[in-house]
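Below are two complexes that have chain A in common, paired first with chain B and then with chain C.
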Partner chain A sequence: MNPSGGGQFMRLARRTLTRTLRQPALVVPSFVFPLFMLAVVSAGGADVTSIKGFPTDSYITFMLGAMMVQGASGAATMAGTTLGTDIGTGFLSRLALTPITASKLVAANLTGVAVIGVVQAAIYLAVGLAAGASVEAGIAGAVALLGVCLLMTLAFGAIGSLAAVFAGSGEQIQGLVAVVLALLFMSSMLMPRNLIEEDWFKTIATYNPLSYLVEANRSLLISGWDGEALALGCGLAVALTVVALAATVARLRRSMV
Partner chain B sequence: MTARTLIGRGAGADVTVADTEVSTSHASFEPADGGVVVVQDLGSTNGTFVNGQRLTGPQELQSGDRVQIGATVMEVRGADGPPTASAGPPAQQAVRTRQIPSLPVMVFVAGQHAGTEMPVGGQVVVGRDPGAADVILDRDPDISRRHAAFSLAGAGLIVQDLGSTNGTIVNGHRLDYAVTLSTGDRVQVGATVIDIRLPGETVFEREGPVAAVASDATNDIVVEGLVKDFGQHRAVQGIDLYVSPGEIYGFLGPNGAGKSTTVHMLTTLMPPSHGVARVAGYDVGKQGPEVRASIGVALQAAALDANLNAWEHMDLQTALQGLPKAQRKPRGAELLERVGLTDAADRVVGGYSGGMKRRLDLALALVHWPRVLFLDEPTTGLDPQSRTALWEEVARLVKQEGMTVFLTTQYLEEADIMADRVGIIDSGEIVAEDTPAALKAQIGRPTIEVLPLENADWEAISEVLGRFGELVSGAHRGVAARLHPGVDDLAQVIRALDSEGLRISNVQLHAPTLDDVFLAKTGRSLEGAAGGAEAAAEVGVPGATPPVAGP
Partner chain C sequence: MARSLSIAMGVARRSTRKLRRSPVPGLPPVLIPLFMFAAFAGALSGLANTKSFTYYDFTAFQFVFVYYMASMLAGAFSAFEISGDFESGMGNRLMLAAPQRMALVGGYLIFAVGRFLLGSAVVWGVALLAGMPVRGDPLQIAAFIGLALLLSLATTLYGAGIALRLQSIAAGTLILIPIFMTLFTAPVFVPRQQIDGWLRTVADINPLTPAIEAGRGFMAGEPVSVAVAFGVTGGMVIVFAFWAYRGMVKAERGPGGGRGGGRRGGGGRRGGG
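This part shows the complex of A and B:
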């Protein structure tokens, strides 16, 4: 009897999806909050587009990219809570006693979260377009935007997983929400970096990796196909995913013979 | 056909059909006047069909009729054509049995049933226990009571070892737990050799004798000098122990004694700092995957996902353990039924009681037919009814499936009732190890405990009891003494108290308990010992108040 790797993977991914969707407290805030922010910030910041050098005259288009990053960041809580709860309740030990490997376990968890992330991103995009936003890169750009959001979801999920293996419980992962939100506000979310007047803010925004995730999304929405912005954003997301996943798996493996 | 023929799945049938669709005593064929055969359904679950019609009563058969029970089809043939009412001895009808040709067939080529063939229509259990096996191999001492199971999965066949002592060998390799079989595969259980023939596949003829198979795999646990250090703290201090196949070993000790740490090392969840441990024949330090494939584990806290229901847990666990797809749902259903959770299986486990969670946890630990089962404080926090139900299930596993059980507990009663042998661990060291009876026999002396009616009599009562034994702490806040050898008459003590004019509200005689053993070995009482651990012989004193509950 040989374990079927694909079947195991899909069941674990489905389990993450199922358990996450059955916890409205985990899903609803991370889904609704970016929409709320989009509505509030866009309504209040419309005048910003008149600033000289502002890349677009549609503030909702400008903000949509950032809100999609914020939505993707919810993956950190979802993936981290699942893994952290599994550690805290001993469910991870049950999984560890099966032939499943640590890497497959973490990857399956991320896959489940990624499905939610992509669906969320598609809804944000649809709402944004309905509210007057546009995608400069066209339909192909819209699809690419969802792909970029998928990479971001994986990156945030991997970071959440890493936090979970160190925290060892689901509850402590909730603190990540505040950290990500703070980082997001300290990025180029509200204003293009070249238009930030305060030097200290500009410096933080430049070194803040979330700026490049936001700008990758924004490039497809506002500038069309910007290879540099996309390479930076996607490359950063992939690098974060790989590093965080490797550290997570290494940490998990240490607890098993 | 000259006599009544009973067809069924049970051992008492004249024609045994190994098919789960067939009842124990399914149908009978009986010759009747005129040379005809009468078929009758014997109250089977799935019915008996003649030419496609379900029987509602006895029915005479005609030549050419087709009788079907489960997957077995029988054709009726007259000896000389259709039965007639001609003079002379009636021509006898014959019932020729054949199987629907799509079933896999077990061909017994050596051993007790050599030369016979058995189609598999559901599950066939091979073993030496007539009450538990479909194919009984009772002449072979190497066969376990329930040795192996052959199960239909789609058009294929799966064989799984049921925790047998000597293993199930497939094509010369000992099974870890189960494998899907192909035509020409050779399965060996003890001296019995079975070749497999699947429908539509060419039979591969084997040559030469069956090779003898050697394997280190067994159901035992061997631990030598096992140590676990957490920084400067040595939690487990070089323990040695051996658990025999099919034994329930109770690992008894207070919180923090090292029980769970030992279980985590033996189940590969935590690497040992030093020492060697082999579980089911595999080294826990070097053969983690093999160990994990051989064991089932229910850890201290029921390791469940509160957001999934029992079916979803079963689906996940059976998939992760690599059960073939066709076998997952039946196995899950079987285990949920066994632990009494079928009715609650659609509810998320977050709403389960502690006992239900424990039962599901146990069921999940069993999905892959483990040979060794680890239970880490399985009844902690359970009500007495749930505790008893779990004990019964564990006892059944050992009795019927030959499983070895390593059970940690802080409950004296649990160790006493469940364990064949008990190891008492304290501060990471095993301080005593033997059967519960032998351990208690080491202490050997009962304890008398007297509850004074007046507190002022406390010292006087202590003085009297001191004449009969060594004063010890009482379990119920009374004055207690472990009686000297030779003091075996409670009346002696009562008379002595009465002669001193001392009034008492209650007196109890405690048989030696494992707590007494723990006390004798460590100098202190075992935590959590209260709650009915004592096998107390209570003597009510007329006019006395009820005994005071223990702390």
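This part shows the complex of A and C:
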């Protein structure tokens, strides 16, 4: 008996989750590296807080938001590798013979990755709080922070999926890690934009979309409920998700015919 | 000896040709340090205005770290070649042709030196074009570059040891993670004296710390910790050369560490592929 549409969706989502978790080389670095960076950057760069006008005395609180974005960016590799491998191995061609639609396939893939992303964000938050970080927006703010991270995970996952359908293999997606890491370092990750002294870097950080993702997280941690920062970060994440997903599904529909 | 040299040059030429044909994998070891350089020198330049920062220039301060990172990544990415060659079976074929198997590692080392020189030219070029002031004299700068070369060789040998043992591209993560951990637990953002807590303890015992401090001394024209830096870095080359040698011995025995099997090559178990 064929499973219903919802059943197919759940099975594919569970498959993504299991396959990803079965590959420690894929999960462990994207999970451990942001924690390591949080520890060393917050300890080594603590002097930054002595700069006049710095918004907090705690550099770990300042860095936590950026590291949660870095963690969420791992979704690009996870979603991209899973979908890329399915394309490369021909699994997608076999799926084309079933009633599953391209949109359901991509959504199921993203659901599996999103589950990992939210668990990851919760662990980062717990480790950050244990290490001395705080959430200015309180408990509701901490929950909202996980919600914002979920949106970012979906955005990065959608970008990874789009890269996978164009690359057609899992291996080529690995390069996305370096691109996202470079973009993150060129954002307001290390310093608030108003305190960056080099004009050229301030310009890059202002036009870099990752700055707004970092600042959305950071607003909840440092300044409380900042509607503008949250609207910019969440709006950008949703827009990226919608555009990348639409392009992914359109491309997949052509290849699944 | 002549045959070993010829084999080493052949391996180096082959890897160079591969990189020339497909240059994309050659970009990360140069681009990652450049992005870090831009990020640290651009975003954190305000640190130079804090009272406790006494170095002559913040860009030059960050450059030493970034240059070492570029040198070490050139070594690490050259070691990825070994993983790729052994996973594809090419490594086995190369072993059949080399009576002295360490000549193969020598070939990858020559390739790594080439990548180091290329990366050095790009990183130095960008830094100088950006207006970074250099106070050291030519001899001091040569010593600084020499330290970076030793670090690159040590990293290649370390990566070769792992690649020869695992013989899979999955070795990449195992090669890179300890390199990044070593780099970032050294005094990156501020001098060691200004670091507190656990990171200070780790920085004190980090083998990269003397090289970073000596490099910053060379750039400022006030050499410090030179003997310690060359001693520790040279020691790392020797230790990792032995590590790579043991890796080659394990690779000759094939998977399983040689229990119940003869040596590879000349009828080895995996054959010559």
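Methods note: the second predicted complex is superposed on the first by the 252 of 257 C-alpha atoms of A that agree within 3 Å, B and C clash if a C-alpha of one lies under 4 Å from a C-alpha of the other, contacts with A are read in each partner's own complex, and residues count from 1 in each chain.
The rule is short, and it goes like this: a residue touches a chain if its C-beta (ideal position, glycine included) is under 8 Å from a C-beta of that chain, and two chains touch if they have at least 3 such contacts.
Remember, predicted model here, so these are calculated numbers, not experimental data.
Per the definitions stated earlier, placing chain B and chain C onto a shared chain A by superposition produces no clash, and the two fit side by side. Touch criterion met: A:Arg19 reaches chain B, while chain C stays clear of it.
Once chain A of one complex is fitted onto chain A of the other, the partner contacts of A:Leu97 are limited to chain B, with no touch recorded for chain C. In the superposition on chain A, A:Leu195 makes contact with chain C only, while chain B stays out of contact range.
In the superposed model, A:Leu181 makes contact with chain C only, not with chain B. By the touch criterion defined above, A:Ile51 reaches chain C but does not reach chain B.
Contact with neither chain B nor chain C is seen for A:Arg253 once the two complexes are overlaid on the shared chain.
Nearest C-alpha atoms belonging to chain B and chain C sit 15 Å apart in the superposition, given in whole angstrom.
Residues of chain A that lie in the contact sets of both chain B and chain C are absent, per the superposition on chain A.
Within the complex, the chain A residues that touch chain C are 25, 28-29, 32-33, 36-37, 39-41, 43-48, 50-51, 175, 178, 181-182, 185-186, 188-191, 195-198, 200-201, 204-205. On the chain B side of its complex with chain A, the touching residues are 158, 160, 177-180, 267-271, 284-285, 288-289, 291-293, 295, 297, 299-308, 312, 315-317, 319-325, 348, 364. Contact residues on chain A toward chain B in their complex (touch as defined above): 1-4, 7-8, 11-12, 15, 18-19, 22-23, 85-86, 89-100, 255-257. Interface residues of chain C, counted against chain A in their complex, comprise 24, 28, 31-32, 35-36, 38-47, 49-50, 52-53, 170, 173, 177, 180-181, 184-185, 187-190, 194-199.
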